[in-house]
Amino acid sequence: MIGGNVWLDAFVRLLAVLGLAILVVLILTYVERKFVGRIQMRLGPMRTGPYGILQSIADTVKLVVKEDLRPASADRWVYELAPIAAFVPAFAVLVALPFTDSWGVRVLNLGLFYVVAVSALSVLGYIMAGWASDNKYALLGAMRSAAQLISYEIPVVLALLALAMVAGSLDLVKIVEAQGRVPFIVWQPLGFFIFLAGMLAETSRRPFDVPSAESEIVGGPWIEYSGIRWSILFAFTEYTTMFGLSVFGALIFLGGWNWPLGLDLGWWWQLLLIFVKATLLIMTTLWMSATFPRLRIDQLMGFCWKILLPMAFLQIFFNGLILVYKWPDWTLLLTSGAALVFTAFLIYDATRVRAPVRAPAGGVTS
Amino acid sequence: MSPEEQQEAPIVPPPPGSVADLFAAVLPDVKFQAAQGALDVILTVDREDLRRVLRAAKDDPRLDFKYLRCLSGVDHMEAGVEVVYHLYSYTHKHNVTIKARLPQDDPRLPSATSIWRGADWHEREAAEMFGIFFEGHPNLVPLLLPEDMTDHHPLRKDSPLAEIEEWQAERAGLAAGEAGEAEE
Amino acid sequence: MTVEQEQGLETLEINVNMGPQHPATHGVFRMVLTVDGERVVDLVPHIGYLHRGAEKLSENLDYRQAIGLQDRTEYLAAFNAELCYVMAVEKLAGLEVPERAQYIRVILAELNRITSHYMFMGAFATDIGVFGTAFTYGFREREYIQDLFEEVSGDRMMYAYFRPGGVAWDAPDNFKERVRWVCRQTRVGISDIDGLLTTNEVFVARTRGIGAISSQKAIDYGLSGPVLRACGLKVDLRREEPYSIYDRFDFDIPTGERGDSFDRYWVRLEEMRQSVRIVEQAVEQMPDSGPILPEKLPRRLRCPPGEVYMRAENPRGEYGIYLVSKGGDKPYRLKVRSPSYCNLMALKEMTVGHYVADAVVVLGSIDIVLGEVDR
Amino acid sequence: MIGVMKAMVTTMRTMLRKPVTIQYPTVHREIPERNKGFPLLLWDFEADEPYCTGCHACERACPVECMTVIMKDNPKFAEEKSKRRKIVDEFWIDYGRCMRCGICVEVCNFEAIAMNNSWTAQEQSRFDRGELVLDLDQLLAQSKAGKIHPWVAP
């Protein structure tokens, strides 16, 4: 605590996290462009600075300088406040994350619950943006994002609930410590899968980028935004959420700063470890988003309600059974893994490919 | 090319056993003028018979022209406007070209959209480009040209092309001249 | 819908105007969608934003000059369009094409079919939402083939290389090796796209059953090319009415069975493989030297009066040139029967009832080229 | 989910390949010698005058009418320094209008015009369309400087 003043202390910590968020966004935009560029056998940005490392700074300057346009028919205050409403929840997630075993802005003993609850609030910003823009594409996008973000919250909450049952706590620090030997990704692969899907959906990345759907509704809620407002609404919110959720996922599924080095190391090792794990998660999402096409809104909802949600319930049921009867740990892996395989089968079955058979020779039907 | 230089192709009768004979067998009371083109047999029919011919071409199992390849208009100036149907049959694998000539001042024709749905846009195009009126077409509004451009038919031979710039310059000159006169 | 009405709530259908400036309309196509929520209940296509009057312009250009306009009509498969046009002129003028020129023309046209389908793969996947990955795959491979085109014809897109009677000049000495190299490279590119898309569940979920059309309706609408073959009809002009020297090659005609967007994609993918096969056979059979233009070719080509409707199997379907000559060195009338113009007619039939997102997929699966739709 | 895995393996495989990008303004791709850039006039070093006699053949053959040629009597012919009775006086090509079909090169009887197959033809962006209309001196400049190796159709 700095100077014994609670407010000053909180303020300094918030500033640190905000700085971290900005830094991470700058790095992430660069990393994404480079990484996706390499996947597509391109070089990515190369002009600004050596290997284009100053690209995100150049982009920032450009976005700040760019004219901030507002359609004449837009609902002025809602339109202008929407980016803030979208960004604040994304930032608020970072507040509750313990980056080491002792450092976080405010480590809550309901951390898990808080993160899940707060991260869903971004949808308000999207709806405000979509409604206020007075544009049909924006409205469609807002409705889609509302449907998607709220729906995906539910299986994620249930998957995390199952995880909390195993950990025996909602406190993120305790959850990390509970994964002393083996991280939860091993015990709860299905939970991790649901979390990953939820994370992609929350950050509107492919295959769940239905709200922004570039080729259909041309950016969705932020179609009318430009300049700094667009960058807050879109880039900043999206990357901050992605970073926050990746750190969150690293904490609860990948063993956080604990595994595999243990708690005895200094805070810098812990910090490094958590960042490496978060980076791994981020890279996975980027990789997936560079590979997949986009799902349609009904398929997206079907995937959530018909596959993920029942599976999440199943997971809770199995975990409860195992914990009550004190079966050995490997049964957790067995049940969760079996459920994951079953999920994979469900996905395969829903989209089964049957190679088109050739029509018989001369099979002309007219 | 000035009209004097233009030559019409000599009419070569199609070989026996061609599609022309099939048409004659299916529709004995229709007068066909048959000719052999470079690839296909060309049948010229009167405008009054056209709809019957087209209907029979599609529905009669001996002809079975289910596929309308192309529908084009050709402006023959004084000789009238021609509408050309290129047909193909997937079952018998034969081609035919059916033509109907319309007088230039009254280019009306029954629409073929009820026979082949694929005729829709072709007819709209022919209508806007040549001023042909297809009776019974559901939505005969300009397709490629602006919606309000119904007075001018660009593919008619009387519409300027090579001279378009001279024509524009002339109009611009006229406008400038008028303006100049007004100033004086 | 009924629930809301029972509760006395009003629902409103809104018109969404897609294009002419929209990332998924492949140029300047515009469609007005009437949507009920996310579902399309009506669709009105508007075309003509790229109408340049190529048919009228051709009436004032001699037979050689109009070749450039054919390039610009069908700019993604310009060799195929040129081929159809010069064949129409040859039919009318009665020109015999030398052997070597035939092979050069077929090889280039088939390679152009591959580039066109690469372009389709990229654009179609981008419509569905792949983040440019398939697009860059397609473009990467397309570049190799275009390099070859540039080495032969001198240009990457607007070749103006075929002439009535043959080709403008002979292919370079290393033509055969270059073509063989390009074929090997193309197989890699096809397998990349195949691996990325064909079995990808997300891709399949988005394309299976979308925009399906029955074969009867497809014929009624006058569809042609891969869109028609996807309905299960084994129809290919290269087989039905072999033009040029296509009767000398052994190749399959891939067909779909449902006529949906996935089948169209799949048919095109297979067609690329078949095109590689044709090119490989053609390179083997091609004579090493020989004339490339007929000996008695007048400096200024004149056609006797007559008319011809020449058709060729282009990447998008049947490309037809209706050429009327009344003597002289200029066409009296030139009508281009462009395949995507005809295929686009069935867009409403295919789209209504699907979601907004599917409208984009259906449009992409038809693979339109606006230069050819509007001409 | 096998297909999904297959797709991800495909993207990972291509990621390990070498990028195909050419960094254009710093690195210039090699242009094939047949490249059809824009038409240029050639300079006859022996007679120290353009090859072009101003015969209007290209002007008539141009589909887009982007060329304007004016012919004059060759003063050097009277002095018997040159075999050309007539010579080009003025020549304009509107590059903004040219569609690079190469027909002008084909019809030229004196091999006086060639398609520019160097990078100068590719980088023709101007701020004003008027600057794209090149006159005789500009059309001859590159050939005079010896910086063009025109490709002649076999």
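Letters are used for the chains, namely A, B, C and D, taken in the order the chains are written, and counting of residues starts over at 1 for each.
Following the convention adopted for this analysis, a contact is a pair of C-beta atoms (placed from the backbone, for glycine too) under 8 Å apart; a residue touches a chain by one contact, two chains touch by 3 or more.
Small disclaimer: the values here were computed from a predicted structure and weren't measured.
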{"item": "Neighbouring chains shared between chain A and chain B, ordered by label", "value": "C"}
{"item": "Farthest-lying chain, centroid of Cα atoms versus that of chain D", "value": "A"}
{"item": "Mean-CA-position distance for chain C and chain A (Å)", "value": "41"}
{"item": "For chain B paired with chain C, centre-to-centre distance based on mean C-alpha positions, whole Å", "value": "25"}
{"item": "Centre distance in Å when chain A and chain D are each reduced to the mean of their C-alpha atoms", "value": "54"}
{"item": "Contacts with two or more other chains, residues of chain A listed in rising order", "value": "39-42, 290-292, 347-348, 353, 364, 366"}
{"item": "For chain B, residues that touch 2 or more chains besides their own", "value": "66-67, 90"}
{"item": "Two or more partner chains touched - positions in chain C", "value": "133, 137, 140, 196-204, 219, 233, 235"}
{"item": "Chain D residues within the chain A interface of the complex", "value": "1-4, 7-8, 10-12, 14-15, 17-21, 23"}
{"item": "Interfacial residue positions of chain D with respect to chain C in the complex", "value": "1-4, 6-7, 9-11, 14, 20, 31-32, 34-36, 61, 63, 99-103, 106, 115, 117, 151, 153-154"}
{"item": "Interface residues, chain C side, partner chain D - complex", "value": "61, 64-69, 72, 133, 137, 140, 143, 147, 150-155, 158, 160, 168-170, 172, 192, 195-204"}
{"item": "Contact set on chain C toward chain A in their complex", "value": "14-16, 22-24, 38, 125-133, 135-137, 140, 196-206, 208, 215-216, 219, 232-235, 252, 254-258, 263, 266-267, 355-358, 360"}
{"item": "Residues on chain A engaged by chain C in the complex (per definition of touch)", "value": "36, 39-42, 136-137, 140, 144, 206-207, 209-210, 213-218, 289-299, 347-348, 350-353, 356-359, 361-366"}
